[in-house]
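Two complexes, one shared chain (chain A), two partners (chain B, chain C).
The block that comes next holds the complex of A and B.
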C-alpha cells in the first residue's frame, strides 16, 4: 500500500541550474550530508562549471547534432501542484501490487510504499536518496558517485552529482533474494523543470534484486531537462536486473548515464526502453572486474517526429572467463535519428572472454537516419568477440507472404514491427509488466 | 595450449641501400622555397606551381588528426624530412638505359627482366622520379597513356587536368595537402573508351635516402567501357630514423569502366605510411581496391569509392598483418551518391606479437537514394596473447529500400586444428602458417595469381618462428 506523503516535501530552492547561487542555496539546505559528500558535490559543481559543452571534434559525439543549450533555461522546480501530484501517483502503477515503490514529481518525493518489515529486518534497504544519505553514510561514501563516466557526458554527470537528491538507494545483503521488482517513478509536471533521478543498486554476494525505473511526464509537450544516473554494483554471484522505461515528454533534453560493475559469477541484466525526449543521450558503461560474470544489455528504442536518440555503450572486460552480450534495437519513424556507438574493450588478461554487440535498425520512413558505430578493442587473443550492425526496411517478401494470406498491408506492417520489438519485450519476466510495456510501445504507433 | 612468444621476423628483405648522388636535392624542411624549387626543377607550368603553393597553405592550416587517430603521428617531424631528391634523368624507355645501380636495386626487389614479359608495362619509381617506364607497343597503339605525374601534367594536360585533385581535393586531410604541395613521381594512366588492358600495369616504389619522404601522385582514368588493372608494390631500406610516405591516388571510372587497383605494401618498420586513396565510379562503373599491408610502422589508409552513377559498384578487399612495433590502421569508405549502387568491404587482419591492427570504416547512404546495398565483413585473427585488434566502423543510412549489414569477429587459431596438423607430422610453425593462410584464403583467391602466391609466401615468412 502506498502512502502519500501529506506534509510538504522538503523545500528545494527554486533557481536555474546553471547558476552557482542555486547550488549554494541547495547545499545550505542539505545539512544532513556528510563532509565527504559536501566536498564531493562542490568538486562536481566546479567541474560542471569548468567543462565545456561537447565540441564538434569530440569523437564521442560523432554524428550527434551539435549541442547548444543554456542551462539557465531550466530550473529546480518548486513544490508541484497537488492535483498534478495526485494524477502522477494514480498513474504510477505499472503493476498493481509492487514489493515497494517510490514516486517523485519534479524531484520531490510524493509517495512511498516501503518494503515489508521482515525484509528490513534482514537488512534490505530501499530508501529515497535523501534518507539513504542520512541513514547510511558509510555505505554512501563507499558507493555513491563511485564509477567514473567517460563516454562524453562528463559535464552532465558533474551537474547531476552536484544537484541530485531525488532517487533511490537499494541495498540487498548477502544471500537475500528479492524476486519481485522494486519500482521508482520519476515525473516531470512543471515547465522548464530540471530533474536528476539517481538510482544506486548494491547487491551483496548471492543476493537477488530486480529494479524498475520509470521516467514519465504529465504532458508530452512539456519543456524539461533531465540528467539521470544509475549505478549497479553486483557482488559475487549476485543476480541483478534493472530496467529503465524512459518516456519523457517530446520536449525534454534527456541525458542518462548508467554504469554496471560486475564481480565474480554475478549475473546482471539491464533493459532500456527509450521512447521520450527531444534529444535523448543514453550512455551505458559496463565493467567486469572478476571472472565468471555474465551480463546482458538490451535496449529498445522507438523514435518519431524529429527525435534524436544517441546511445553510447562500453563493455569493458578486465577479468577472464566472462560473458557480455549487448543487443540494441531501434525502430525509426518520420524524420527521426538514432546513433548507436558501442565499444567492446577486452583487456590483456581477460582471456576466454565472450563479448557480443548487435545493433539493429529498422527504417520505417525514408527520411529517418540511422547511424551505427560498433567498435572492438581487443588485447587478448583467446576470445570470442563479434559485433554486427544491420539497417534495413521491412522485408518485402515477408510482407507479400502475409498479404497473400489475406492480411491487409497496414496490419501486416504493424505485425512485423511489433515482431521486431518482441525480442526485447520477451526479456521482461513478469506478464503484467510485459503487457504494460508492450502497450506503451505500441501506443507510439497510434498517435 | 599454444602460447607463443613474439615473432622475430626478417626485416632485411629490403634492407639495403646504394650510394646515389642526387643531382637535385630540395634540402631538409618544408617552406615556400622548397615547393618553388621542386616545381622549377620539374619545369612545371604556372598553374601547377600555384596549386602546390595553395596546398602548402592548407597543409600548414590543418591540424593533425590525433583526436581520433594514433598519437604516434606526433612523432613525425616535418622539418627534418627531405621533400625532393632526384638524379635528374629523364624517364628511360628501355631496361638497358636504366642506370646500373638503380637496376641492381630493382633486381634485389625481384622485378627481374623476364617478369616484364607478362607485365604489360613497368613503371618503377626510384625515390622521386620514374627511373624507367616502358609500355608494350600495342598498348601505345591503342592509345593507352602510362606516364609519370610530371610528364602527364606537362604533355597531356587536356586529359589529366580535368580530374587532377578533383577526387581527393587538397583540403581533404593534412597529408593529402602535403602531397599536393610536394608531389613527384607516381603514375598517370589514361585508358581510351572501350580499351580493355588485358594484363596488369605495374609500378614499384622504393624509398632509398634516409629521412626522405616519398610523395607520389597517381591518377588513373578509365574512359567509357575501358578496363584496367594496376598493381603497386612498395618497399624501403631500413634506416634508423623514421621516413614518411604520403601518397595520393585518384581513380576515375567513367560510364561502364572497370578499374582494379592492387597494392602490396611492405615498407620497413620505420616508415609512416599515410596514404589517401579514392575512386570515383560513374554509371555502371566498378572500382575495386585490393590492399595488402604487411610492412611499415604506422599505416593509415582507407581506400574509398564515391559511387556517383546509377548501379556503380565499389569494393575493398583488404588484408593487414601487424607485427611487433607495427600499427596497421586500415579500412574503407563507401560514399553512395546514386540509386542502386552497391558496395562490399571485406577486411581481414592478423595481429602477431605486440602488433595492433585497426579497422576503420565509413559507409554513407543519404536520404534521397533508393535500392543501395552495402555489405561489410571484418575478421581479425590474434596470434599471441599480447596482440591487439580494434574495429571502428561508422555507418549512416537513410532513404528508401537501402540496406547495410556489418559483421565483425575476432578469433584465434584453434588449438585443436594445430594439434590435428601436428599429429599428422607438421611442425607447429607450419601448422600455424597453414592456419593463417587458411584464414585469408577466401580473400586471396580473388587476387591475381602471382599476387596471391607472393602474399602466401610473405605470410609464411612472417609467421616463421611465431610459435615455439
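The block that comes next holds the complex of A and C.
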C-alpha cells in the first residue's frame, strides 16, 4: 500500500533556477550531503553558469529550433497544493499493485510504497534520491553523476546535477531478481515549475531489475521546465529494463539525458514513450564496456501541434562480441517536428559487433517535418552494422485493402497508425502496463 | 436483374490508356465463373475497378450489384454492398492483427447500438481457421506480415468466409500456391459456393479450375471477353495456349 507523506516536508527554497541565490539556498538546506557531493554540486553549478546555451553552429543541435530560453522564467516551486497532490497520487497508478513506487510532485516527495522488507534484507535499495544520498554515501560517491551523456546538453546536465533532489536510487545486489517493475512518478502542477527527475539504477552481477519512470502533469497547458537524467549501470550478466513515459504538458521545455553502461553479458532494454513538451530533447547514450552485452533501445513519439521532439543517440561499442539494436519511431501530426540523430561508434577492438540503428517516421500531415541523421563511425573490421531511416505516409494501397473489407477510411487510418505504434508497444512486457500505455498513446492521436 | 453482379459496357482507363474496353459480364447468384486470359489483358484491372480503386477512371458503363449501381462508391461502401475482392497480392499491415482487422471489418457492418459478441466471434474465427488449416497463433500476428504466399491466400479466404459477401472476386488466388495449399484454399472456396453467392475466379492457369469447377469460363483479351463456354473451354485453352485465342481472333477479324 502506498503511504502518503503527511508530515511537513523540509521547506524547499523557492527561487528561479538561473539565480545563484537559489542554488546557495538549496545547498544550505541539503545538510545531509557529503563534502564530495557538495563540491560536485558547486562544480556543476559553476559549469552551468559558464556554459553558453547551445547554438546553431553546434553540430549536435543541427535542425533544432534555436534555444532562446531564460532560466529565470522557471523556479523551484514551493509545497504543492494538497488537493493537487491528492489528485496526482490517485493517478499514479499505471498498475494497481506495483512492487514499489515513489511519487513526486514539483520535486516534492508526496507518496511512497516501499519495497518489501524481505527485499530490503537482501540488500535491495529503492529510495528517494534524498534518502539514498543520506543512507548510502559511498554508493552515491561511486555512482551518482558518474556517467554523463556528451550529446550536447552539458549545460542542462550541469544544472540538473546542481539542483536535483527528486528521483530514485535503485540498487539490486548480486543475483537478486526483481521481475515486477518499480515505479517513479514525477508530476508538474505549478506554473513555471522546474523539475529535475533523477533515476540511478545500479544492477549488480546477474541481478534483474525493471524500472518505469512516468512524467506527467496536472494540466496539459502548464508552463514548465524539466531537466531529467537517468543512469543505468548494468553489471555482468545483469538484466535491466528501463522505460520512461514522458507525458509533460504541451508548454514544457523538456531536456532528458540518459546514459547507460553495459558490462559483460548484460542485457539492457530501454523504451522511451514521448508525448509531451513544447520542445522535448531526448539524449540517450550507451557505452558497452565489456564483451557480450546485448542492448536494445526503443522509442515511440507522437508529435502534434507545433511540438518539437529532438532525439540524439549514441551507441558506443568499446568491447567485442556485443549487440546493440536501436529503433526510434515517430508519428507526426499537424505542423510538428522531429529530429533523429544517431551515431553508432565501434572502437578498434570491438570486433564482431552487431549494431543496428533504425529511425522510422510516419508523416500524418504534409506540413509535419521529420529530420533524420543516422551515422556510423567504425574502426573495427569485423562487424555487422546497419543504419537506416525511412519517412513515409500512410500507404494508399494499404488503405484500399482495408477499405475493401468495409472498414471506413478514418478507422482504417487509425488502425494503421496504431499498428505503427505496436512494434514498440509490444515490447512492454506486462499486459497491464502495455494496455495502459496503449490507451495513453492512442488518446494523443486525434483526427 | 436483382440477383446478379452485372457489368455492362464498362470502359476504364488508367491515365489516358484504356484498359477495359466495353466489357460485359454477368454473374448470377449460385454460379461460379472463371475469367481467364494472358497477363496484361485487364483481368486485375477489372477486379480493382469493381472494388472502387481510385487509380482507374471509368469513362462509360455500369456495375450493378443486385440492381444497384456501385460505380462511384467508396471501396468500403462497395464492400458493404456485398462485394469481396480476394487480392492477388494481399497488403501487409504491420501492427494490425488478423483478429482485430476482421473484427473492425465486422464492426463496420453493425447497426448503430448493436454490441459486438466477442466470444461468438472468436468461436467462429477459430472454426474457420481450422477448416483452412491455419494455426490459431495466426490470429495475433500482424496481418500478412512475413506470411508465405500460401498463408496470405488462406488469410484472404478466411476474411472472405468471415465477412460472407454476396459476390466474391478472386484475383489470381492460385498464384504462389503449392499443390497442398491450392487444395486447402480451393476447399475453402468450394465451401462458400451456394445459392446466395456468385463467385468470379480470375486465373491465368487452368490448374485451379480442377479444384474449383466453374459453371462458365470466359476468355479475356485486350480489355474485353472474346469467348465464353463451359469448363471444357478452360481445358482446351490449357492445351492450345493463349496463342490459339489470338489466332482465332485474327481469323474472325479477317
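What to note about this one:
Simple rule for what comes next: the second predicted complex is superposed on the first by the 445 of 447 C-alpha atoms of A that agree within 3 Å, B and C clash if a C-alpha of one lies under 4 Å from a C-alpha of the other, contacts with A are read in each partner's own complex, and residues count from 1 in each chain.
We take it that contacts are C-beta pairs under 8 Å (C-beta built on N, C-alpha and C of every residue); 3 or more make two chains touch, one makes a residue touch a chain.
Here the structure is a predicted model, which means the values were calculated and not measured.
When the shared chain is aligned, no partner comes close enough to touch A:39: not chain B, not chain C. For chain A, the partner touching the most residues, choosing from chain B and chain C, is B. Of the two partner chains, chain C is the only one touched by A:406; chain B is not. In the superposed pair of complexes, A:142 makes contact with neither chain B nor chain C. After overlaying the two complexes on the shared chain, residue contacts for A:369 are found with chain B alone; chain C is out of touch. When the two complexes are overlaid on their common chain A, residue A:379 makes contact with chain B while staying clear of chain C. By the document's definition of touching, of the two partners only chain C reaches A:419; chain B does not.
Using the contact criterion defined above for the overlaid structures, shared-chain residue A:57 touches chain B, although it does not reach chain C. Residues of chain A touching chain C in their complex: 395-398, 400-409, 411-412, 415-416, 418-423.
Residue ranges of chain C in contact with chain A, taken from their complex: 51-54, 74-76, 78-80, 84-85, 87, 90-96, 100-102, 104-105, 108-109, 142, 159, 163. By the touch criterion given at the top, residues 57-59, 62-63, 348, 351, 361, 363, 366-393 of chain A touch chain B in their complex.
Chain B makes touch with chain A in their complex at residues 67-68, 351, 367, 380, 382-412.
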